[in-house]
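What follows is a pair of complexes built around chain A, which joins chain B in one and chain C in the other.
Coming up: the complex of A and B.
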């Protein structure tokens, strides 16, 4: 596929420098028509600055933003066909729910009756009761405000909808509900969504594709599946959640050696270009308790230090000298032994990857 | 049982201790307000119903002072006071809004300096500042004298005109409009501004739809403060206005001093308070501060 095909938004070398600091550093990215793309990264990674440039609230230092073939760098936010849902939601506190939703229509001079009809349609889509139309936005709950903010953005009928961590202020349960709702709304409206968050878990639930951002750069772009199973760096693999990362060197035989583990280890097929030194990544669900050393490609003896109940799963912490391993079992497969017991744990090379130190 | 015993002990002591602690703590302030605020007000109201030219509360209560006022030409002074106060407020809005906006959004680190420039004159007495204007505007004074000797231009002095009175009031009451307004504008959340712009609003639409309504509490407070102060103004009329315009405050002063007619002065004061009070109430009702502040 040639560059730009199916892309609604194209970023070329997009850079933003604040007082000598490269907040966003030469980003190249294609966002496809109708996809839900999430940019995920820790705070300070430049994701908010990137999004603000896309929405027209910051001017790029260099590089291009191309929307459907047209360079929009110099078009101000109010003349871009895109819209953003803010982290704070930025609802207008002096306007009712209805007036908030209709704001962009009022700006365009749409007659009141038509505006109201559209607002009510959107409220139904977002499961807000009709009688909320005249209610003050200060008198509705956090989740309802979230829906009002989304309705207000949808009323604008944007080509692309941007989201700046809008769920971060909500409690866990409500956030989980709204993540799924948002994905449903994405299906319903068929619009292009670009979402940013610091939570990869959130990104995984909702996204078609994810871009992981670090220090102003996109370090990996892929589907949630790819990001999870094939992280291309130590940073991405650790970002995905609890994971075992072992500093290893590659022996001439092709086997791996870690300082604290006496045996040489069988290397995985996926080495991500590592020739001499890198990190072996083993997910907790692929580590298991062994009866005998030969039951897995690699094994190590440790001490069961603690266990944590994670709902449907149980996580175990096993210590091997200074090293800490975590492994997880489904609740009905719980390990029978007690704490401080010596345990044999191991994994198969096929379930692991080696990543460079990036 | 225990509580009853304790109550009896306290009751056996001083009766004052039975009074709730909150009330006891508030008592000094209550006394101060009663003596310093309520008593003079009640005295003025009481005097307004006494027979003309009496100096005690022993006379037969009467409405003759109010009748005298309605038969006199005092309404002209009252209209001047209200009219010029209103004009002062309107001019102050036009001057202060851009300055306040600049203080909050444009001047950046220079804001402190600009604020100081507006505050420093407050350390000098109002009368001294007005006489400063007098020297500046008077015939052969700083302005006209310089124009005459340096440029050979002879111009009429604007002193002793309605314009001079307005200038004085706008100058003296500017901070009372500027600072509430600055506070009001600083309360407009920046992301609401950005969101409006992102939703397609032009700069003017952002101002009209978001900034102005959200800064309304500051604007309303500024208007009320300056209006109430300007209605009570007298020095500006005397120093800069000559005797061109007589404000209601001047009538009140005359009644209490030269005319030695305290009941008439008191009745005029009560009427002024009533009129200003009603206007303020209407303004507060019309502009519900709580609604603007998003508390409802």
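Coming up: the complex of A and C.
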């Protein structure tokens, strides 16, 4: 892709230094027109600072923010064609639902009747009943407040919508529903969404592409599929749910050796440049109980320590010396053996990758 | 066992309540009783009840003048104090800036000065500047003490104010001024309102600062004191009662306004 081709937002060496600390460190990124891009990282990784620079609420120390070919570093938030949905939602507590949604239109001097019409359109899009128009924002539920905040941002008709972990305060079930709703809204509106969250699981559900952030840097950018199946570092591989990460060394033969496993292991094709020492990543769904050692490329004998019901799946913990492996099976394929029993587990090299320690 | 604990707790609550009434509220009622006498002197029990002194006081031009002065000072102090304290409170609690912690201490310090010393200091200062003492200088003196109090009252509201509200408004295209008008002031209104009640009532009841700085003008507390020292008439408790009732009416009125505002805000 040529520079800027299809990109609505271009970041070049974007850096923010707070009191000597590089909160955001030389980020280069292209965000494509109409995509849903999620920046995910643990707290303190700099993702909020990055988003606040994009929205115009922090000034970069160095680097450029280029929106549709125009450098916008010095344009304040109120003159940028972008809009943010805040973590706290920041709904105006003294205004009704309608007045909240219409705020940007009122600022632009749009006549009341037209404003109301637009607000009602957005409320319908977001499945808020019409009679909520006159309701106080303090008297609606968490999920409804979420929708009002989104409607308020959409009323602004921004070129890019930024989201600062708006779902983090909600309970699990509601969060899951709203994640999908948000993705549907993204589809409906065809706008560019830039979302930040600390939950890679959340990012996976919604995003076209994900950027994983650590210590102010983007360590990997890719589709949810790529991030899940081809993490480029130990950090990224461990970011999604439970995963088996095994410290390994590469033998001259090309096979792998881990301290607690007696056999040499077949290496995967994807080595991410690891030449001597790295980490073998095996997702729990690719580990299985074996009848005989030859049933998989690699095997190890362990003790079934515990099992956990995860709804549709069951997770097993198998201990091999000090190592702990987690396996997952669908409920209807549950393992028949009992706890504390010796078990043979294994995996095929094709389902694994090796990553460097980053 | 538990019932005994509950009984002891109940007894303590009753004792506490009685103590409150005896030490705080009965004296105020005594002032009113003392104003309802027909005789010229202060004697208890009251020999003959009557509203004579109320009539005399309410028709006195001097008293009108004094009430006017007190109201004038309190009103002007309220307006100026609320404006200064509003911005002061934002600097106090909303923004993080170099020197904020020093400012926070400096701005609150005048609250702890002995007011009579502050009054004397201001008197000397006004003299040094060659200013004629009047109700205007008293306004200034009251402000020195009241602005910090109101700043604190509004700052408490500011602490519970989500800065993201201002950012959101700004992000939605509002100018700084529009943010102030559309978001900051309305959201902080309860604090501003209680701050203005404080300002008015603290000025209305202030004696030590007024004593030193009003010059030829006289406020209600000054008049009460002067008449107690020399020339007591039952007009003194009458004016005292008026001052107290005025404050109570003002407070209740304020409370009702606040209630109405809250109801409007949370109306379905």
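A few remarks follow.
Just so it is clear, the second predicted complex is superposed on the first by the 358 of 358 C-alpha atoms of A that agree within 3 Å, B and C clash if a C-alpha of one lies under 4 Å from a C-alpha of the other, contacts with A are read in each partner's own complex, and residues count from 1 in each chain.
Simple rule for what comes next: contacts are C-beta pairs under 8 Å (C-beta built on N, C-alpha and C of every residue); 3 or more make two chains touch, one makes a residue touch a chain.
Every value quoted in this text rests on a predicted model; they were computed, and no experiment measured them.
Model built by superposing both complexes on chain A: chain B and chain C clash.
Legend: residue contacts after superposition of the two complexes on their common chain; A:218 is shown touching neither chain B nor chain C.
When the shared chain is aligned, chain B and chain C each come close enough to touch A:107.
By the touch criterion defined above, A:135 reaches chain C but does not reach chain B.
Once the two complexes are laid over each other on the shared chain, residue contacts for A:122 go to neither chain B nor chain C.
Judged by the touch definition given at the top, the superposed model places A:77 against both chain B and chain C. Within the superposed three-chain model, A:258 lies out of touch with both chain B and chain C [touch as defined at top].
Residues 55-57, 76-79, 82-84, 86, 88, 90, 92-94, 103-104, 107-108, 136, 138-139, 152-153, 156 of chain A are contacted both by chain B in one complex and by chain C in the other.
Residue ranges on chain B touching chain A, taken from their complex, read 189, 191-192, 194-202, 205, 209-210, 213-214, 291-292, 294-296. Across the interface of their complex, chain C is touched by residues 55-57, 76-79, 82-84, 86-88, 90, 92-94, 103-104, 107-108, 134-136, 138-139, 152-153, 156 of chain A.
Chain A meets chain B in the complex at residues 55-57, 76-79, 82-84, 86, 88, 90-94, 103-104, 106-108, 136, 138-139, 152-153, 156. Against chain A, in their complex, chain C makes its touches with residues 162, 164-165, 167-175, 178, 182-183, 186-187, 189, 265-268.
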